[in-house]
Amino acid sequence: MWTWFHKLGSPPHFYRIATRLTPWFGWAALLLIVAGVYGGLYVAPTDYQQLDGFRIIYVHVPSASLSLFIYVNMALAAAAGLIWRIKLAHAIAAACAPIGASFTFLALATGSIWAKPMWGTWWVWDARLTSELVLLFLYFGFMALRAAIDDENRADRASALLAIIGVINVPIIKYSVDWWNTLHQPATISKLGKPSMDSDMLIWLLIMLAGFMCYFVAVVLTRAKAEVLQRARDQKWVRQALEGK
Amino acid sequence: MDIPGLGTAFILQVRRDLQLAFRHVGQLANPLMFFIMVTTLFPLALNPMPRLLEAIAPGVLWVAALLASLLAAEGLFRQDVDDGTMEQLALSPQPLALMLLAKTVAHWLITGLPLVIMSPVVGYALFLPRDAVPTTMIALALATPILNLVGGSMAALTVGLRRGGGLLSLLILPIVMPVLIFGARATDMAMTGVDPAGALYLLAALLLLAVSLTPFAMAAAMRISLD
Amino acid sequence: MDIPGLGTAFILQVRRDLQLAFRHVGQLANPLMFFIMVTTLFPLALNPMPRLLEAIAPGVLWVAALLASLLAAEGLFRQDVDDGTMEQLALSPQPLALMLLAKTVAHWLITGLPLVIMSPVVGYALFLPRDAVPTTMIALALATPILNLVGGSMAALTVGLRRGGGLLSLLILPIVMPVLIFGARATDMAMTGVDPAGALYLLAALLLLAVSLTPFAMAAAMRISLD
Amino acid sequence: MENTSREDSKAPLLEAHDLELWRGDRRLFEGISLAVHESELLHITGPNGCGKTSLLRVLCGLTLPETGKVIWKGRQVARSRADYHSEMCYVGHRESLKADLSAYENLGFDLGLRRDAGTEVIRSALEEVGLTRAADVPSRSLSAGQKRRVSIARCLASKARLWVLDEPYTNLDVAGREFVDEMMTRHLQNDGLVLLVAHQSHGVAGHTVRQMEMA
Amino acid sequence: MENTSREDSKAPLLEAHDLELWRGDRRLFEGISLAVHESELLHITGPNGCGKTSLLRVLCGLTLPETGKVIWKGRQVARSRADYHSEMCYVGHRESLKADLSAYENLGFDLGLRRDAGTEVIRSALEEVGLTRAADVPSRSLSAGQKRRVSIARCLASKARLWVLDEPYTNLDVAGREFVDEMMTRHLQNDGLVLLVAHQSHGVAGHTVRQMEMA
């Protein structure tokens, strides 16, 4: 995926390809999410332990996964921008941050809602929950740092460095459930071979995950397009691209 | 031309920063005062029941350590950048990463070391069980340099910016959180009689990681800030 | 010549300082973030048992307030003195005491007010009983300006006496201590169902005293510092 | 101001008597007395470190001299600080700009404390010193000469009677230096007073220009 | 250095190719190329804010240009920073002094990073620029011109081949300005290179002096 980004390094090229790809991902996301919601809410069997309450898993787990996935992507894009001085990569990193923050927030919110019936409280200071909260702060920090620097060039480089440093937190969140025994559910899906989850439930979860993924790609492309346009606002191809529409 | 060696440069930098700190004898006492203040204010602000104090002692110690290094980070490079000496440092033939590491070491000697030394006293004031004191000291000695190094990297990143209120803390805290968790856990383990070696090893590993990586992050950040 | 009135000058100064702190609207969130982070650290460093958290909630709130105002005070005037704008302020036809008071007010708006506003949330996170929340807010609203004013006087002095830092925080502590004690007592009273009015009146009296005296102390100290 | 009698205009507006100042264990100067009348420029020169800036700061009321006093319009400055400062403008070695605010915002604040100046006054002063586009970037990113120009614009827009200029030519290009000369000339024509410290010779002529050499 | 052949001495020591720099949405300069040989002084002039300081910072390696590269002795500066910086000394608009340390202590540190210079080297450089008694007071209390002299002493004592001087004459008295001219002349005689930004004309003659005007 990242070599792919690297290849279309030039903004006009990127703009054209992104314009062409966005609707595909957008529609795919819509279809998958609708299917996933339907499947998750009506088709999947009721959990023997948690009854219907467990169905929030179809939002919680994909958004939690994406919050991590997006951060890693953001850091990779930032690193590419810093090392090879590709402006487009910085634009993509910048585009990732608010989306990642939203998914993190969604994961926290759905987690809290789920936690109330399950653990009897909205919030506990457990390692995974706290580290997910910290991830939200990392996103905020990235955005705040960008906002605080006037000069675009410096904002790009400084925030890229921050994103790279923050990657340390990702494994901590991911493996917090294994390293500390906590209230939170340990890995159930990712146990390869024999997942400890019913396959009827799992399939819809995976569909939701794919849907969220497509949604992310569609949004990030749109946002990156806007960034690219804004950065190149006085160049010729921008006028052509906008008039061509 | 013969450039002085890395060791010489490192020592020069540490010595100059200490010299500057000793010029303001007041500044030297500040972090220490702060630390003492926080820990004495807690019993004041709370019900001074020994049992309660004992329960929160590790938390207070660790949060105080964190805040002390966090708040000092703000000023770690700012004055150097404002008065232009950082510019000259970036133009010296010595590697900037080394010089910034030296500055952080000096900073630790001024703010972190007194804290480590004072911790038994503070622990005593908060009725920390005596068995937990050595572990706490070791854990603090391992953790405070990490806090300073991470704080330094973030300070280098934000030094060109206006005083952003909490921006710096927003950047530092997420990254140092593991340090806090392991540190507090070490104290906790020692209090409950469990062997804290695991947590201490982890802290030591983190310290190694920080020492080997953050100087380069600091230097890169500083070059961006000076641009 | 027609000099603008005191009110105009006061508002101008407050506005400029707010403008400096919040170039971008997003930065408004920074002080808030700071408090959220500090309060999340405590449960991390401690055993996150609700009962324990409840017991330390007032302490955390009060110590965070103290730290934020006293430690930020250290740098309250330093940058202005360093970049020469304080010189121009001292040469303006407006009374320096008023302008420094305005600077302190702006500082309170940036550091103190968010704390007051956030206290219910923080209280909730730390399981502070709901009845104690209003009292705590009022007490914080009365106490934080005092802390800022006292801190400001200290800052004006330390800007000049470049080597008095530690000594001064030692001097300031006895002055700030009563504020902390009364404030924490008010929270405590409300938690145990006693009427906290007495403690609050005392805080209000202290605030009046501070507002009427400290500006002149600040101005005098600043003129000495600029000499 | 228009109706001042001959006698009044002959009495100096700014006087200093027998000033003495110590720094560390060194006496920077002693027995300095001076008098500046309206439409008069006093050019103070002297080698580096002889105490010119220190003298100006004493005259402004920023530094307390060891002995002696400074008098403005017959009243001792230390006693009537607000009156004096409302008629005086000081341009020091430092630019006194908030690096994070633009030139326009900086002047808006500084002048707001002195007189009810509207937006146009500030804009036109900034334009006069040649800052139009640069007036709205954070002054951190202004060039050294541009910062100096902002200080000069502050002086221009302040409508102060007494200008105290400590090396105003610093970092200015040729056009900038000519502008400062021209601006001082105009100020003197409007009955203003100028205290100038500069190592270079200035280009003000045809007015009461006095020289004072410090050792 | 003594044995360099004719060919070598004809190749420029410092080259810059096609430099371009943006600040905000403004292009400060583009397509700037220059070459400086040994014993050559390049005098860069231009109005305030045209980008002279920015250009010097790019040439020093402090600022990354948008495009283009800077080459010292045939090697790209960005790749061999330490080598370049060990032969270069920069005097900027700011004095880069720690206010709490004396001039002597400041130079002791700055030079300690560059070469094994003894105490006497620093003392004699400070004496040469006219700071004897003032060398041991905290530099906070030095006068503006004295601070400038410390910067110049740093340059003198650094034994760098390339001097990058951004308005070295600032705040200096007449004797000080003459000293700077004389010092640059000597440096050129010793095969040194000087990049000079100054609004005034300098007093160096009889050497390869080139002028570059920025718009």
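Every chain is named by a letter (A, B, C, D and E) in the order it is written, and numbering of its residues begins at 1.
Everything below uses one rule, namely that a residue touches a chain if its C-beta (ideal position, glycine included) is under 8 Å from a C-beta of that chain, and two chains touch if they have at least 3 such contacts.
Model, not experiment: these values are computed from the prediction.
**Student:** Please find the two chains that have the most C-beta pairs touching each other.
**Tutor:** Result: the chain pair B-C has the most contacts.
**Student:** Average the CA atoms of each chain to get its centre, and name the chain whose centre is farthest from that of chain E.
**Tutor:** Farthest from chain E by mean C-alpha position: A.
**Student:** Farthest chain from chain B, going by the mean of C-alpha atoms per chain?
**Tutor:** With centres defined by C-alpha atoms, farthest from chain B sits D.
**Student:** Suppose each chain is reduced to the average of its Cα coordinates; what separation in Å results between chain A and chain B?
**Tutor:** 33
**Student:** Could you grab the centroid distance between chain B and chain C? Build each centroid from C-alpha atoms only and quote it in angstrom.
**Tutor:** From the centre of chain B to the centre of chain C is 24 Å.
**Student:** Find the geometric centre of each of chain A and chain E from their Cα atoms only, then give the gap between the two centres in Å, rounded to an integer.
**Tutor:** Centres of chain A and chain E (C-alpha means) sit 49 Å apart.
**Student:** Hey, what residues on chain B touch two or more of the other chains?
**Tutor:** 23-24, 162, 164, 167, 170, 173, 177, 181, 227
**Student:** Where in chain D do residues touch two or more of the other chains?
**Tutor:** Residues 99-100.
**Student:** Got the chain A residues that touch at least 2 other chains?
**Tutor:** 130, 137, 140, 144, 148, 150, 153
**Student:** Applying the document's contact rule, which stretches of chain B touch chain E when the two form their complex?
**Tutor:** 1-4, 8-9, 12-13, 16, 19-20, 23-24, 83-85, 87-95, 99, 226-227
**Student:** Where on chain E does chain B make contact in their complex?
**Tutor:** 60-64, 82-83, 85-88, 90, 92, 94-101, 105, 109-110, 112-116, 159
**Student:** Report the residues of chain D in contact with chain E in the complex, numbered from low to high.
**Tutor:** Residue list for chain D touching chain E: 23-24, 46-53, 93, 130, 133-134, 137, 141-146, 148-149, 167, 170-177, 199.
**Student:** What residues on chain A touch chain B, complex-wise?
**Tutor:** So the residues of chain A in touch with chain B come to 127, 130-131, 134-135, 137-138, 140-141, 144-145, 148-149, 153-154, 157-158, 161-162, 165-166, 168-169, 172.
**Student:** Spell out the part of chain E that touches chain A in their complex, as residue ranges.
**Tutor:** Result: residues 22-25 of chain E touch chain A.
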